[in-house]
């Protein structure tokens, strides 16, 4: 269980997260939605250790991750796929993918290869292009690669930041479906940040609505999806 | 709209003028209390201050890293020395012409450097700093090789001695440098406060955004180089007037000294440029004064000033990269 | 956001600017101020004579030269241990200008204004000295025994009345060696490798006066002073390709070592190496080649047979009375980091000795014009280790006009080439080279100069 | 023809060393975004250590290995003590612009260079000394002509090529190499992949330190050793790296040999006095055609 309590993160005088509290349950997909600038990405970046909160607590399975470095948070089982198809264009697909499991090489030697094979199974297009430079991939393929890179670290919690950004609806559907399957079959916990609320709420179990750094709603996804007033007020449709 | 901007321009000019007058008064006050040696050192501060301003404008404000400002100083110095020794011009004519010479060199450099950025620009300018002094041997008959062209500030004109009495050589050095430093300060201050300065900062902070907002990117970059070269050329001419214009006066290390002064003081402000220059010029004396009370063997004492100043340099940069004058910039994003 | 904040920074109040700047400047003053001296002649009191020297003590140009100041100081310390000069002890203030002319102006100003030196002594570096010589002369400060063979400093005493040299000029030495080359190697192809500065060019000029000329890019190979570190392969290849069998080296000792290494590398074995005295320092040569894995015996072998000239005895002449005396003083008084006996130490000792004799000669009443006048008029009376008299007169301030020619033996000692040592003399202009008869005054038992 | 061969040989052996110096600079630039001006200062310092060991009777090879290890340690230490604290200041506004991120570490590295040169002066005095070569420095004979190419040069070229090959393989084939490349290319993604970027960055500094120490050991037998003798080597190596493209290790090698050849051919055919001007011309020519060097990435990763 991921518990976030009274989290405050600010950049200079700009407060990005203003006392956020919510819980993401194990083996469920929790989605964080909200308009641009609501603080969604900052929330994920704070959980994964890229930003440092000024107050508040974040605990994963009862252990605080505050003050840990991003690389150690990954090692503790929390993988983050940041916004914008975060792959390294100058490296090949294979290299990008194996990057995520470098730290597991020594202890889990046999599993490293198995994890990669699973990813190639999940996203067969990556297998065809494994020798290509990541820079030559399409946007959707890059997103698949970024997710694979995170998943080969065998996380228990996956932080997914705007996977649909700039992708064709068909591709978005494919990616979201894969995540859904993965979560249901392996018991992975997912925290999905989306601007595209409909898609996100469609697949998620639970929804958290952010506005200007504050939580304005924290309810089951179906309920949120049905609340037309809330949607109109905070998401603009 | 136009009326408003005119008012603004006036207030900028007034502010710069006020600053310049304060500066002049401060230097004159300090100069009158200093002994001869420190007067000469203060003159050196004024001269190098102009050179450091060229770094502040180029690197601090417009974001282009040059390691070859010393070469532009050399251009200014040689232009002036040639005009004085071959044409018999007075320094008051030779210096402005030397500045024009340096500006032309800055234009050429700017045109070839406009496409370069970061370390590529740094590398090119560093090699320029290395190569330019070798020209003095290549064109031996005009530039006089390693022996160089001896020049100096000479003696004050009659009207000056009648008005102010006979100054010592050190005082005269100071009085010659002061008006130029004041003019440089005034112009630098005006540039920084004006729209041009904002445009340059925009180039530094975000090239793409700057070009989107209609700034002609490469033309501005070249313009910055020309302005910066003007400052460097003036500084180089005055630096040569301390006794000699020759390759050993403008070594590669001179360029690095200017950059060091700019960073130590705070690379984004005029005040920082001044403080940094004061530190660079006076630090060896301070270290010597402190070390004088210790008994050190010659082997150690020879290298102590270099060791201490280098350590201070590292410490300043690591503790506060914004420099002495830039403490207030040292905040989290 | 940046823009706004920067503007805020610029509009910080002028008052705080003034305050901070004033504090900084006041600090500069407080730390650098020196109490003014009351004496009528700067640098001279009842108990002390303060002398100033500037040279590259650190930096690329310093190796070798950084030993000269230690040697001069060692001699002064010896004099002080014997009671000083008329009860005044000699203090030598040394400033490091790292061979940057821009810095030399500051160090000279510090010596003159802050340390209030009576005279400058033994300064090293032609280019750096050019930047301050005019100012020093204008102030009437004695500029004694400058360690440069650049004739421009000395041949016109009206221009630089206070400046006196401590070496024979490069032109004089080259003319004398040129005569030797003309007479002994007329059948050979003579070439030169020289550094493109005053030293190298003056050498070429002197050789040309003697009738030894070279063709650019054929028998004359050049390099920029300070770059010999990267080897002189191309230069040696050029001389080899043009069948040069007598190589003149107009360069510093490390360049001579580089030339020999490069020649060795391409199997180039010229019949004769001829090296101007500045470059013919056996210790430097052996330190460099020796540590390259070439043992001292065989680096002496590479040096053996090399012809050079000198105005003084070779530091290797252990039997010479001056060498003997200076060596003892060096062992006892030199506190420098590297006091190994070599040309630089001998030269420093001799400058200390010359300075002391001039100070003794002027008498108790020491003034700046006094010492300048004394040195100019009494050159013949000033003893030194050199095998040539001092050439100072009202028409020239060149130091030693005489050189003897020698050849290095297998133990790296320069030995006279003639059965008995012959000293040759000439001027820095077109004058002829003639033989010089000079009997050097013997050194006193206490190794202090006896004047008068 | 002989002159041509001589220039070619001389340029090859010199170019190999410049390539090594350039490689050291490129590794740190890629790994940390810093041009390390202290690099040849580190090399000078470790070569002095080797020199001291050798003159005290230890074998050349022991000195050689110790110097390279010291170089590596010194590189890593500089990162930990100076550059890492400095890069932790990245969030300050001053360091938020790319030009300052380039300029401020340059100043820091100049400070380090100053410290190392002063320390070397204090410890070993400033006299110029020679440094031995492990193989004879006598040229081979080609077509009845002795060339400026010796067994030592063969050693230099082979060890440099071996180093370049090993470096390439290390970066391409090992996990640590991949981690280092990832850190260099995108530190954030690397950290999110569980890579300890502080460690890999220090490793880059260590590698670069070892490479430059090797360069120091290989160049001093022909250039002597004093606190300042390697300054010029650094500037030429930097030029080589810029010509080749600072982002590209392969480019640094090409750049090194190119600059070595230019220096050699200008020295042999024209005059050594023109060396710096011709380096400048080559640099400008290359950069006008390709502003990020011959092998530099077209797309600006860093501005």
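We just call them A, B, C and D in the order they show up, numbering each chain from 1.
Basically, a contact is a pair of C-beta atoms (placed from the backbone, for glycine too) under 8 Å apart; a residue touches a chain by one contact, two chains touch by 3 or more.
None of these values were measured; they are calculated from a predicted model.
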Chain pair showing more contacts of the two, B-D and A-D: B-D
Centrality ranking, top chain (CA atoms only): D
Greatest separation from chain C - chain, by CA centre: A
Geometric centre distance via CA averages, chain C-chain B, whole Å: 34
Centre-of-Cα separation between chain D and chain A, whole angstrom: 42
Mean-CA-position distance for chain B and chain A (Å): 52
Sites on chain C at which at least two other chains make contact: 2, 5, 57-58, 66, 196, 224, 337
Of all residues in chain A, the ones touching two or more other chains: none
Interface hub residues of chain B, defined as touching at least two other chains: 134, 137, 205, 268, 299, 302-303, 306, 326, 329, 331-333
Interface residues, chain B side, partner chain C - complex: 15, 18-19, 22, 26, 29-30, 33-38, 40-42, 44, 134, 137, 145-148, 150, 152, 169-170, 189, 192-193, 198, 201-202, 205, 239, 242-244, 246-251, 253-254, 268-271, 274-275, 278-279, 282, 285-286, 289-290, 297-299, 302-303, 306, 326, 328-329
Contact set on chain D toward chain A in their complex: 175, 178-179, 181-182, 185-186, 188-197, 297
Chain B - residues contacting chain D, complex: 59, 63-65, 67, 112, 115-120, 122-124, 126-128, 130-131, 134-135, 137-138, 204-205, 207, 252, 256, 259-260, 263, 267-268, 299-300, 302-304, 306-307, 309-311, 313-314, 317-318, 321-322, 326, 329-333
Chain B-touching residues of chain D, taken from the complex the two chains share: 29, 35, 82, 85-86, 89, 91-100, 102-104, 106-108, 110-115, 117-119, 121-122, 125-126, 235, 238-239, 241-242, 246, 273-274, 276-277, 279-280, 283-284, 287-288, 291-293, 296, 300, 302-303
Residues of chain C defined as touching chain B within the complex: 2-3, 5-7, 9-12, 14, 17-18, 20-22, 24-25, 27-29, 31-34, 36, 57-58, 66, 70, 96, 99-102, 104-106, 109-110, 112-114, 126-128, 130-132, 134-135, 138-139, 150, 152, 196-198, 201, 224-225, 335-337
